[in-house]
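Look for chain A in each of the two complexes below; its partner is chain B in the first and chain C in the second.
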Partner chain A sequence: MKLLTLNFLTCAIKTCKTNPASFPLHPRDAELEIVEADMNLPFLRNILPRLMWEELRGICGELGLPELPATPPTPADLVEASNAVHGSAEADEEEPSQTAKDLHRILLETCIQEGKLVCGACEHEYAVKEGVANFLLPGHLV
Partner chain B sequence: MLPTPSTSHVCYDRVYEPAEDSYLLLDTLSAASETAFLQDRFNNASSTPPLVLEVGVGSGVVLAFVAANAGTIFGRHDVLTLGTDINSFACRAAAQTVRDAIQEREDGRSVFTDVVNGDLATAMRPHSVDVFIFNPPYVPAELPDLSCHDKYNKVPEGKKATSFEQDSYLLELSYAGGEDGMVVTNRMLEHIPGILSADRGVAYVLLCAQNKPEVVKQRIREWGAGWMAESVGASGKKAGWEKLVIVRIWRNAI
Partner chain C sequence: MPEYLVRFAQAHESFRKVELQALADIAGVTLQIITYEEDSPYCIVDLPSDTAARKVIARSILAQGIYELWGQGSTYTALHDSVHTISASKWSQYETASFRFTVEGYRGGNSTDEQRDIIDSFAYMAFKGPPRMRDPDVAFRVFEDYDLDVKEPKYLYFGRLIAESCRNEAKRRFDLKKRLYISTTSMDAELTLLTANIAHVAPGKLFYDPFMGTGGFPIACAHFGAVVFGSDIDGRTIRGTGGSARRGQTGKYDVVGNFKQYDLESSYLGAFVSDLTNTPLRILPPDKDSTKGYLDGIVCDPPYGIREGLKVLGSRQELLETERQSHQDQYKIPGYIPPKKPYSFTALLDDILAFAVATLVEDGRISLWMPTANDEDIELIIPSHPCLELSSVCVQAFNKWSRRLLTYRRRRASEVPEGTLEAVKKEYEKGTRASDLNDFRRKYFQGFRELESMKKEFVRMKMEPKTNGDVASEADVKT
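So, the complex of A and B:
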């Protein structure tokens, strides 16, 4: 499962939803794998306002990945300066910057293959097996 | 006609095979009237990428279709897709269907996140979903006994393949909807206001005639001011009754 997915998930237990500690879920004993994906610069630029940056930084820290900057990059940080000068370059001609490549790697190429996702509120552990997270609770299955 | 994603790798012994209901969703989401509605809502290029969530992805045919044709449907390529299914075999199969369908595109590929194994949308962050899609188990038939789910949701320990009862159970999950075929759908409907994004969220839910679509739509309109429910696609007209309908649920600014 991609780290970007964690931006949209919380603990599945109803009473946890209103507890801020239920987001993000914390990876534990995670085996990571890099699965290459296409670079999508317009996507990266537009997703920035939807990313919960602090939480994402926290997850990277917990996984021992290179530290993300304290504040989210700006759209201009995602393209090579040399191209940005020409201003009118179309999105598909733009050259992604190192910042864009790093962000792409973290959000879309770094996958949790095995491990657990732990709720910070209730401590429930959700298993990840072969890249698929299991959010089924015993309470769902009655 | 946009191409239907390939699901030839999916084993239909334990994952729902694309059928008339699946194709009705494809046709409805790509009909001119619906793409006009969706583009009006989502094609502002500077807005954030819409998140499309499909619950109960099955083979993944619907989510893959949306992911591969995001440009035509939404007027933008930076669309995010995410799926869930209670059946772990469906989760794996669908992830491959979506990946393959996106990979086939030469231009403007959208972004697929994952398919997670879960109950409905219970693991979603509140108000994070922009487009919600659900082709539920809608047949009026007794729900299978979920107490065996853990056991049946994986290949049995020490075995190489699933058992026959296991496969039957998993397929029952894909169609059996309890009383009026509405037990699972009602549970989902209850959660829709909580997961849809407040400003631009829209949901598509498939119903069959026995689900009493007119009653369901009226109930949704009573959720509160601004809530709308309209049929935007139908198939199998018989004596004036539509066998299947797609209901669009959204909230108008008030």
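So, the complex of A and C:
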């Protein structure tokens, strides 16, 4: 699972969801893998305002990944300044900036293959195997 | 606005206008349907330009192509008059272009010689360029629309080709017969692509399927440019079991393998195992700022609970303290199976809509398949939610049942009166037996038993000595 999915995932236990500590889930004993993916500027631009920046920064820290900037980039930060100045409307001609490349690397190329995702509120652990996290709740937690 | 002729495939008729409108919306183009009939492949529309026409049709699954309309009429005399009136000013543009000129008939047609004569009857346009079947500069076509078993066509069109759609290529490429990993519930590829179009999939968007199975919908969405992810209550369907529904195929096959097969892995975020009614996705009430919608669309084919009753996580009865303790003691042991309880399809539909409301961005779409029936008895009501606008209903009919594709638009906050969301919190029915809970399932098996007894009766009448006939077809159950 690519790291971006952690931007959407929280604890599956209903009563836990209202507790702010249930988001984000914390990777533990995580085995990471880089899987190269095509750069997708329109997607980065679209998803940017939906990123929970503080939480993502925290996760990167926990995983020992390069630190994300303190404040979220703006859409303009995603393209090379020179091109942005020329104001080319053609999406194909846009040159992704280093910021875009870094973001792409972290969100769309870094994958959790094995390990656990732990709820910060109830401490329930969700196992990740072969890149697939399991959120099925045991009988006593439904 | 100029008129164009859309040449539809004569298939999935009730989806055609809906797809066309969705594609126009995605392209940001104003489209107006001038003439359309369910039993004809020819539809006339208004579009602002050739570029707009090309954009709309390029991605279409149910249109084969689009033509600039150069003439129409109910006889050849009328057609030629119309061609003079509408298009005479355009002829000179193509005077020296290489060209192709073809004649097609729907439910009828002509011999090659007759076609030759038809083509010659357009000689007044005075094209001097070389005829060329492959890659000509311009292609013209005469369309003849016949009534069944009538010799003369009832209507004629003449047009200049603007664009062909991706229909044939996409159907061929995504054909389930050639997909590495499928299961008995895999949705037909043409319908997954069609669903993606109707759900407004577009490059840069984020789409999710909560019942992904072998990934048919996410693959279709990724093909049209979306970034996708999915989940399923059954982890084996995501990871693969080392087998395939296809006979004789062994080895490790899984959803990610399908994405690799189509070179779409870049657009696949991954999948997780979960129950929709206990989703790990963020679904807090939208008044909390952190939970504004984040999905551009949801596409799915939820479980109907036909063959096996519909199940969600939970226990039939409230657990005793000792039982709770034993779950707690055992859940980390490999092989532990979380308990499941029967659930009603109607309640699941309500849950899906509530989930969509909590996760979709404003104007985001959810497209979901659900069974209906031709039989008045079985009609399942179309679920509704005040924060969702039902934008289209398409029907696919089979012999003994039919299903619908429902598409809703997430209303903007400004469209929804305050307090609406709180008012919809529903008390879901609680029950113990799947057959009581699921009307469709009960009716289905009733119909099945009636069929069985009819067959027995038939066999008896024919005085056959033995009933070797557990013939009631698995095929019907499956689809």
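One rule holds in what follows: the second predicted complex is superposed on the first by the 138 of 142 C-alpha atoms of A that agree within 3 Å, B and C clash if a C-alpha of one lies under 4 Å from a C-alpha of the other, contacts with A are read in each partner's own complex, and residues count from 1 in each chain.
Here is the rule we use: a residue touches a chain if its C-beta (ideal position, glycine included) is under 8 Å from a C-beta of that chain, and two chains touch if they have at least 3 such contacts.
Everything quoted here is computed from the prediction, not taken from an experiment.
Per the definitions stated earlier, placing chain B and chain C onto a shared chain A by superposition produces a clash between them. The wider contact with chain A, measured as residues touched, comes from C rather than the other of chain B and chain C. Contact with both chain B and chain C is seen for A:F8 once the two complexes are overlaid on the shared chain.
1-2, 4-5, 7-12, 14, 17, 23, 38, 40, 42-43, 46-47, 50, 108, 130-137, 140, 142 are the residues of chain A that lie in the contact sets of both chain B and chain C, per the superposition on chain A. Against chain B, in their complex, chain A makes its touches with residues 1-2, 4-5, 7-12, 14, 17, 23, 38, 40, 42-43, 46-47, 49-50, 108, 130-137, 140-142. Across the complex, chain B meets chain A through its residues 46-49, 51, 77-78, 80, 82, 84, 86, 88, 91-92, 95, 109, 111, 113-119, 122-126, 128, 146-147, 149-150, 153. Those residues of chain A that touch chain C in the shared complex are 1-2, 4-5, 7-14, 17-18, 23, 25, 35, 37-38, 40, 42-43, 45-47, 50, 52, 108, 111, 126, 129-140, 142.
Residues 203-206, 227, 229, 231, 233, 235, 238-239, 256, 265-267, 269-275, 278-284, 290, 292, 294, 296, 313-315, 319, 323-325, 327-328, 330-331, 336, 338-339, 361 of chain C touch chain A in their complex.
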